[in-house]
Every structure is written in structure tokens, then in C-alpha cells.
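In what comes next, chain A is part of two complexes: it sits with chain B in the first one and with chain C in the second one.
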Partner chain A sequence: MTIAYFPGCSAASTGREFAESTEALCEALGLALVEIPDWNCCGASSASVLSPHLNASLNSRNLRQAAALDAPILAPCAACYNRLKTAQLELRENPALAAELGVPASVLAQRVMNLPELLLEHPGLEKLSEMVKVDLSYLHPGAYYGCLMLRPPKAVQFDDPEQPTSMERILRATGLEPVEWYARTECCGASLAGTTARMVEHRVGKIVSCAQRCEANCLVAACPLCVLNLESRQTGREPLPIYYLSEIVGAAIGLEPTKLGTQRHLLTRALVAAKQH
Partner chain B sequence: MPRTGVFVCHCGTNIAKSVDVKRVAEEAAQLPGVVYSTDYTYMCSGPGQDMIQEAVREHKLDSVVVASCSPRLHEPTFQRCVEGAGMNAYLMEMANIREQVSWVHGKDEGATEKAMDLVRSAIAKVQHNVPLYRQELPVTRRAVVIGGGIAGIQAALDIADAGVEVVLVEKSPSIGGRMAQFDKTFPTLDCAACILTPKMVEVASNPNIRLLTWSEVEKVEGFVGNFNVTVRKKARYVDVEACVGCGECWAKCPVKKIPSEFNAELGPRAAIYRPFPQAVPNVPVIDKENCIYLTKGRCGACAKACPKQCINYEDQDELEVIEAGAVVVATGFEVEPGKLYGEYGYGGHPDLITGMQFERMVNVSGPTGGHLVRPSTWDPKQEEGEEPKSVVFIQCCGSRDEEKGVPYCSKVCCMYTAKQALLLKEKLPNAQVYIFYIDIRAAGKGYEEFINRVQDEFQANYIRGRVSEIVPEDDHLLVRGVDTLLARQVEIDADLVIMATPLLARDDVQELARNLSIQTDKHGWITEAHPKLRPAETLTDGVFLAGACIFPRDIPESVASGGAAAAKVVDLLSKDHLLSVPTVSVIDEKLCAGCETCVGVCPFTAIEMVEVEDPRTHEKRKIARVNEGLCKGCGTCAVACPSGCPSLRGFTDEQILAELDALCV
Partner chain C sequence: MRVLEKDKAIEAQPDFIDQLCELSGEDVRKCYQCGKCTAGCPVLEEMDLTPSQVMRAAQCGLRDLVLDSRTIWCCAGCQTCAARCPKGLDLCHVMKALTSLAYAEGRTKAAPEIAAFHQSFMDTVGVLGRNYEIGMVGLLKLRTHKFFDDIALGMKLFAKGKLNLFPEYVKGSAEVRRLIKEGLKVEGASAPAPSAPNHGGEAPK
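Presenting the complex of A and B:
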């Protein structure tokens, strides 16, 4: 099966391990990732603030570029995913703008997926659990969704925005027992790290301490912004390792941790332990 | 030549603000057949009606056009008015120049011209009208009241006291409804049971009331004065006549952990149960989904325990058709179960409860015997638990929230939350109480004073703002919210959190409404015939409304509306016969080919097929005939018939075409 792949900017920088593990995992699952030709920046959190229609115009171009591949779009980065979905909603609600930008209706109906969404369908929970080769059950992860993957619900329409379950279901199928904890959908502070770093430290501190109180020994996320903040802004005495969902699933089905980019993490003790196991 | 009078109403400034009323009257006077035309500030008032009657007599009018509001509002008023002057009521036509003109068009948008058009068309029609006469219909002097909450109980008692037979149909095992679940009532703090249970006993002992609990209305056929109400009497598996409510059966039932509906799922019940000790009738029912004998065919503990052999596992549902002249709908409301806000996590934390659960917990006959505790710590064997020291109430948990809940205000929550805070402080004076609110709505006798008392005397901390999330932290709940008056974020460590969830229309009322041909609004609440002037009636004659099936109501309003519905029923059933509305469909039997097209399209099942014999050839054939009691005069059959044999009295082709001609010329 072919997937139109939107790597996003972080794939080549702060989120390299996310891109590497996603690509390796998709290959192992028999999914052919074809990079969308000449894609451009999604505008992330800043474009829509600068100009009302900048987000729609940036991402309608991405959607049009993808249309030629005639395949569902995978945007692993939660910010890219969110922007593409939001652009689709903005243009569906504003046909005049869609006409001005020359966006056909078919482009607005294109399927845009995040990583958990893709895994739930390909290979699906049942097949996934059959593929598990490595026992990672000593990991008690807290599944961390952040905000961009779930909100605003009207635009993304993925999972329950307040009580999501998709990552937990995937982790369980992979042989891990995620803990029950209560900061799963809290904001990590996202791009405020550049301007109000202390705010982000405060947010990250709350998330990490909640996870530790609930006896998680790592967090699993699917957003490069979240992982960057969670890894680099922890101030607690006991650091909490953060992983991408693609690394955990990849490691569980027997992919080499180095192929998954695991060595690039700032805090990797647990998965290193897995190797020694 | 017809002698038509035209009366144009200003409706204060309602019409006059955008329609030049005087000009409409003057131009109408020029039209053929119009012998008198005038205008007046309030045509529906006493002087206005006198003016019409005088003109009818003085100018020998044979037809009248009143140009004013919608016939929905005042057609009966003006019909009575012209009848008073000796005219047939159906020689009066209304031109709706308020709802259809002044309320939707401005002065410069041709409002006066449109009003003139409508008046011209009404004149053309009325000059083709013929006198119509009402027929007498028989009346069954019995009423069916659906729903045995406080509104239904009040309606049943008032109807019965007037000497009319009542059948009270209640879905659950006992009457009492929501009020039976409450502890005390605001603002007087009367104990709900002390004022309700005597009424329940009165229902049981009143010779004019027949009580059918554990029963549901399945079908309603017929028309005003002559309804056939089919009631499903669900299998109770217990002999209502023989049972004395001794309680041996539920004490012995091995199934003990079913969440009790009456206790808002805060406590357990057995598979054979009566919802609460003061139940009327004081007879249990067997819940057939959970009974071991009825699901697996073994057990029989209750039958063995019963000293009077009341248990009958072979019991079956029974259908009974009740003939009645009037129906009162008093089906009440539902309480949203607390699931609207995922961020509060209801269901995950036992110490996060709904207002209804608090109501049961504070009640001495409730699951904790009236001990106010944190449900997570309650030990039913020791009958003890930890008392909360910090309690948060959250108002509007879904009311006034278009995004996640309902846009309307549920009306009773501000008051019951204040009451619950007071009851809590009475029992636990050292507890800290916080109440998150958007606005406090305390419009009622003694309500505002009650809120002030809860704030001042009982020191509840009212925080204006919303709660964003509730997360468990250590052994308590961390409530995060905002205080919008101080523009500050608030975090409160709470031992107990109570949500005031919205009141919703019942799901099952939709089917009942369809059965009764009554309307519901977009939220499912039943629509009254007129929101201000006919609040106890529906647009289906003979069907009346009581209580909170219309919209959230508190106890005094529900009782008053029960009484209002009863007064309407007694008024209706006190007549020896009823008068039919003559503007119904009639089928020309000579033309009817018996194709049954009309039968299929009639929304009121008012057309039946009958066999007739040709008097000369003695040939038998089937033709359609209209039941004039059921027909609402919608005209669907007249449009659908391929040979044009139904015609709607008062709206014949000739009359409609005259109207159209006048509009198009």
C-alpha cells in the first residue's frame, strides 16, 4: 500500500529519530512511503497567527501536491497533521477562499492521517500483536497525546479529545501495559520554548511529575514538538525517558534500535536496557 | 353582491410601525363587495370586537375580513366575535399582516403593499365562503394521565376530585417520580418525602383513580373525547393484590449488586426489588434481565421466601385498551448522567458525583443512610466512610454550553446546588464548600434570599467561572478552574465534587409524541399549543401537558401545571358532547374509485375504507370515508387524490383559486 508521506521540517532536524523510526516501521509493515513532491512548510503554529489565510494557502498547496499520488497522506508530526486538517476545514467552510486558491473539492476530501491512526488500520491491532517479537513489558509507559493531535476536535476529528484511547490500544497490542495517568492531553508548551522558556519548564514539570506519581517509567508520544520539550525541559531529579510511538512499536516487532534512531535521544536509558535484556 | 366588512388592526405598533394601516383600510374600501372598512389600535380588545359586531349589524355584513395577526393566535377570538353578532363563524377570514408582514418586512420594503395583497386575497376568499356547522361528538368521561411524578399525581388527584375517572399510567414500579428521590426542597427546606408521600397514598386510595404502575402507553388512537389508549402492563412476576410488601423476597434474593436506579446507581439493589420503602404500590417487581430464575431457570429463592405465594414466574406482559376522553402527558425529564465533559473524567473517580447522587447520599433512606462521605471510602458493612473536608460544586455542567451540552439554562440547578451546599454545611459545619457558577439565577419567591443565606450564614464560597479539568492527585481530586472576577486560575484540592448536570427531554417521549400527534422542539421538549396563552394544551385536541415534559420546571411550577392540565380535562369532560371542527375533508362518494391513495397519505389515519351498495344495481364497492373526529383538515388527501374527490371544507378549490386570482391580478 502506498502512503503519501509528509515528513515536515522536524524530520531533518530535532525530530530525526521520529522520521527514521516511522520510515523503518512503515517499511517493516509493508507500507510504501512516497514523499510528497516539493512539499513546503506547513506554517506550524506561527503562520495562522500572522495572516488569516496563510495557513490555508500553504497547506492547500501541500494537499494539491499530494493529490497526484492518489494515496492517503501520513503526517507523523502532530503540528503538520493539525495544520493540514485545519486547512481542509477552513477551505470546506469557506468555498470562496477555496475557489480563490484554486483548490478542488477532491483535495479537501483527501484522507490525512497521524501515526496512531495509521497503525490502528495498518496493520490493525490484531495483526500488530501477532508481529510482536521483543518483550517490552518492563516498560510502563504513559501515553502522551499533547494537544495538536486531538484539538480542535472539529478540525482533526480523531479519537476522543478529552479521554483518548488510541495510543493505549496500540501499546497494549504491542505487549506493554500503559499506566492510567491524568496529564495525557495537557499542552507541553509547544513553541513557547523560544519566548517563555520558564512557562514550558513549568508545563513539562507538571506532566512529568504526574506521570511519575502514577508510576510510569517512560512516556510515549507521537509529536516532535512534545518530545523535544519533554526531553530537554525536565528539571526533576529523576529523569523520565520519552519515546516516539514508532520507536516502541518498531522495537517490539524486532527492528534494530539504531535503525529506529534511538541513540539520538537525550534520555534513553530504558530502551538501552531493553537491548541488554 | 356580497356585503363584506374589513377590519385592519394596528396591534399597537406591532403592525403599524411598518404598515400604513389607514391606507390599507382605505384601499380595501374600494374593492368590489366591500361595504365597510376601518382600522383600530387593538382589534382583539373589547372595543375592537364591539366595533366589528356593530358594523355587522349596522351595515348588514355577510362576510368579515380581519387583517391582524396569525389565525393560530386569534381565529377563535374573531369567530366568537362574529357569531356574537349573529353571523356564521366560517364567514370570517383573517389576513395575517403581522407575522407575515410587519414582523418580517420594514416600512421601505413594500410592507404596506404586501399587507394590501393579503387583504385583497382574504376578501376574495371570504366572498366564496359558505356557512359551516359544527357537529356533536360523544365524550368518554375518563382521563388517562401518563407519568406518575408530582405533576401527574397532582393532575390525577385534581381530576379525580372533580368526580372524573382517572387511569394513572407509570412506567417504573412506583409512582413518586423524581421528587421521591430528593431529600429536601428549596427554598423552604420541606422534606420532599413528607409532602409527596401523602399525595402518593391519596392516589392509591382515591376510588376514582386506577393506578397502573410498571406499565407503558404503547399506542394512542382516536380523537378528542374518544381516545383508545393501549397500555402494556409489563410482567411484574408479583401478585399486586396479594403482596403486602413484607420484604422477605428481596432479603433472600441472591442477586444483590445491581446498581439501584432510584439511588442514582450509588447503591445496590436485588433482582426483585421495590425502588424505595415508601413506594406506592408497596409491591416489588422482578427485573427479568438480572433474575437468575428467569434467565437460567434455577434459583426460586424469592418464591420460597414469600409467605403469601405472590411470586409467579410465568407472568406475561398484558395489553389493555383504555377508552378515555382526554390524555395528560406528564412524562417529566431525564438528568444527564455526567458524561458530557471528558476532562472531568466522570466514571473514573468515585468521589466525582452528580447532583442526583448527592441528593440520594444526603437522604436518610439513601445508600449511606444519610452519611455524607467520600464514596471511595464508604464501607457498607461498617456503614462508615471518611467525611469530606473540602467540597466543590460545579454548576452548568452542560447547561448553557452549545459546544458540549445544551444551549438552554436548566433552571433548577442554581437553586438545588445552593440547597445541597446548605444541607452539607448543616451536616459537616467544618467542611469548606466551593461553588463554581456562571451566573446565579434565583428568580422565584424566596429564592434570592435563600442564595444569600447560603453565602452569608453557611459561608459557601461562590467562584464565578468554570472548571477546566479534574485530575486525581494523591488521594484527592485536584479541581482546576478559573475565577473570572479575580482573573485568576484556581486550583482546589477536593475530597468530593458534585456536578449539576443538565436536565434533558426523555428519549422515549419522541415515540409517545408521534403517537399523540403532538410536537417536540429541537431538544425534544414537548411543544405547547401556545407558549404563553395555552401552556397546558397541545395542538392535538384532548391532549394536555403537565410538569417538566415541556421544559425544566421546579416543584411548585410542576404542581401548578398539573392542576392547570386537570382543570382543562375537567372542563372538557364536563360537557355532554363536543363540537367538531367543520373544516375537515369530505369525500365525494360518487366519484371515489376506492384506490386508497388518500388512506396512505393521511398523517392522522383519519380515512378508512368502507363498503357501500349501489341503491339501484345493488353492486358492492369499496370507497374511502373520512372520520371527522380524527381529520385535522390538513388537505393532504385533497391534493393526492387522482380524481379530486376529497374536498376540504372551508378550503375548496374555488376558494383557494379566488385567493390566488386576487393575488396575481
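Presenting the complex of A and C:
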């Protein structure tokens, strides 16, 4: 199956291991990722703060570039995913603007997926559990969703915005027992880390201590900015390791941790002590 | 939190609410002050007005009060309020419409560092078509003069191969630049004061 791939700017920098593990995992799952030609930045947090029109105009080019591939779009970064879906909604609601920006209707109806959404369908939970080769059951992760994969529900229409289950279902199929905890959809402070670090430290502290109280021994996330903030703004004595969902699933189906980029984490070197079946 | 002084008259602009509804795409008049947005806001402690106070002030036409508030810049865009509003309002749309007006009018003194961050980010994307951390952070530091913040983090990221020395750029960057330039036009903003890019000044007439 061919997937139009939108890596996002962080794939080449702060979220490098997310891109590496996502690409390795998709290859192992038989999914052909075709990078959207000459894609540009989605605008992340900044575009829409400076102008309500900027999100649709920046992403109109991305959608146009994707139209030729005529395939479902994978945007692993939660911000890219959110901005592309929001732009699709804005342009569907304003056909005159879509025409002005030259965005064809076909790509406005095209599926844009995040990583959990993709894994739930390809390979699906049943097949995924059959593929597991490595026992990671010593990890008791807290699944951390953050904001942009779930909200606003009107634009993203993925899972339940308050009580999501998709990542827990995937982790269970992968042989892990995720813990029940309560800061799964709390905001990490996002781009304010660049300017108001104390606030992000406060947010991250709340999220991490909640996970630790609920006996999680790591967090699993699917957003490069969440992972950067959670790793770099922890101030507690016992740091909690943070992994990407793609690393955990990739490691469980037997991919080499170095191929998954796990050595790039700021807090942990690698998935420790993985036992072969 | 800012307390409204009783003896200080704040001039209301009754047509502001129409302008805000138009720009944000949200019917701000519908807000009935239940306070759910404020109760769930993760960045409340950084704000001077609560999100529900911003909504009420906007309904009352207190344009200067909301445009000069720190709250609108502190919004992290997490959309928690948008998911919970019983009237179906997306407050993030409202906050962003307000920041865009404030930015276009050069009124960023309540949170100059946050405005500088977003400006530096978009400047970088305007040149390259993509974000480039070293360039973006460099611009931000020039604007905020906080040269030594997060240097250790930058070194760690670099050591892990997570900061590119050289940027990636988009072949169609000229088109991206044009899209940004056109997208930045905000209706209903007054011209900024030419002398002070960061003024937080008087009510625009």
C-alpha cells in the first residue's frame, strides 16, 4: 500500500528518532512511504497566531503537492497532522478560497492519518500481535496523547477527545500493559518552551508525576514536540523515560533499536533488556 | 490577574465584537460565562485575564483591554477549551484572531518574547520554506537578548544528532514566501505606530 508521507520539519532535527522509527516500522509492515514532493512547513503553532488566514494558505501548497500522489497522507507529527486536517476543513468550508488557492477537491477529501490511526488499520491489532517477536512486557507505559492528535474534535475526528483508547489498544496488542492514568490529554506547554520555560517545566512536572504516581515506568507518545518537552524539561530526581509509539512497536516486532533511532533520546540510551521470545 | 480599576474609564468599541466574530469565525456573542474554558486551561498561571474574561471583555467591546493582554499570547493552542465549550466555541480561534490583530498593530508589549518567537519562526519559514532551529533560535535571541537560555539543551541536541547545522530548504520557497505575505494580511487592523514596532500604546482610532 502506498502512503503519501509528510515528515515535517522536526523529522530532520529534534524529532529525528520519530522519523527514523516511523520509516523503519512502515517498511517492516510493507507500507510504501512516498514523500510528498517539496513539502513546506505546516506553520506549526506560529502561523495561526500571526494570522487566521496563514494556516490555510501555507498548507494549500502542501495539499496541492500531495494531490498528485493520490494516496492517503501520513503525518506522524501531531502538529503537522492537526494543521493539515484543519486546512482541509477550512478549505472544504470555503470552496471559493480553495479554488483561489488552486487546491483540488479530491485532496480535500483525502484521508490524513496520524501514526496510531495508521497502525490500527495497517496491520491492525490482530495482525500486529501476531508479529510480536520481542517481549517488552517489563515496560508499563503511560500512553500520552497530548493535544493536537485529538483536538479540536471537529477538525481531527480521531478517537475520543477526553477518553482516547487507540494508543492503549496498540500497546496491548504489542504485549505491553499500559497503566491507567489521568494526564493523558494534558498539554505539555508546546511551543511556549522556547520562551516561557518555567511554565513548560511546571506542565511537564505535573504530567510526569501523575504517571509516576500511577506506576508507569515510561511514557509513550506520538508527537515530537511533546517528547522534546517531556525529555528536556523534566526536573524531578528520577527522570521518566519517554518513547515514541513507533519505537515501541518497532522494537516489539524485532527491529534493531539503532535502526529505530533510540540512541538519540536525551534521557535514555536504548530500550533496555529486551528479551527475545 | 488584572483588576479593573473602578475610576479608570475604559472606552468600549461596540463594533469590535462584529469584527472579532468575522475574523475568528466564531460567534463570540454566544459565550454565557460558564467558565469551563478557564477551569481547564493548562496555562492559566501565566495569564493576566482568564479566558472567560477575555470573552466577556470582547463582548463588551473592550478592544484595548484584550489586545494588550498577556493572555492572548500565552494560549498554547491546546484546544482543551474548544473541546469542552458547551456553546461549541473554539476559543483558540478567538485568541488567535486577537493575537493577529495585536501583531498587525505592533501591540506585543504584554508578551514580547512570545511574539518574537512566532515572528522568528515565520521569518525562518519565509526564507527557507521549512523550519531551521538554529536560524530560528538565533533570530529569537537577537530579538529577546536572552543569549544564554537553553544553550545546554542545544548542545545536548546537537550531540545526539538532533540539530542540523545546515538547513533544509524548499525549492518552491518563493511561493511559500508569497503565501505567507498574503496570509499575513489581517482585516480590521489599524496601522502600527511607525516608530515603535513593539508599542502597546493607545487605542487605534
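Odds and ends about this structure:
Operating definition for what follows: the second predicted complex is superposed on the first by the 271 of 277 C-alpha atoms of A that agree within 3 Å, B and C clash if a C-alpha of one lies under 4 Å from a C-alpha of the other, contacts with A are read in each partner's own complex, and residues count from 1 in each chain.
In this text, a residue touches a chain if its C-beta (ideal position, glycine included) is under 8 Å from a C-beta of that chain, and two chains touch if they have at least 3 such contacts.
All of these numbers come straight from a predicted model, not from anything done at the bench.
In the superposition on chain A, contact of A:A190 is made with chain C only, not with chain B.
When both complexes are overlaid on chain A, the residue A:P161 reaches chain B and chain C alike.
Touch counts on chain A: comparing chain C and chain B, the chain ahead is C. Of the two partner chains placed around the shared chain by superposition, chain C is the only one that A:A12 touches, whereas chain B remains out of contact. Looking at the shared chain after the overlay, A:A47 reaches chain C, while chain B stays out of its contact range.
In the overlay built on the shared chain, the residue A:Y182 is in contact with chain B alone; chain C does not reach it. In the superposition on the C-alpha atoms of chain A, the part of chain A touched by chain B in one complex and by chain C in the other spans residues 161-162, 185. Contacts from chain B toward chain A in the complex involve residues 341-343, 345, 471-474. Contact residues of chain A toward chain B in the complex are 160-163, 182-183, 185, 210, 213. Put simply, chain C touches chain A in their complex at residues 23-25, 42-43, 45-46, 73-74, 76-80, 82-83, 90, 92-93, 96-97, 99-100, 103-104, 113-114, 116-119, 121-122, 125, 129-133, 137, 140, 144, 149-150, 153, 156-157, 160-164, 168, 170-173, 175-176, 179-180, 182-186. Put simply, chain A touches chain C in their complex at residues 9-10, 12-16, 38-41, 43-54, 56-58, 60-61, 147-148, 150-154, 161-162, 185-187, 189-192, 194-197, 199, 202-203, 232, 263-266.
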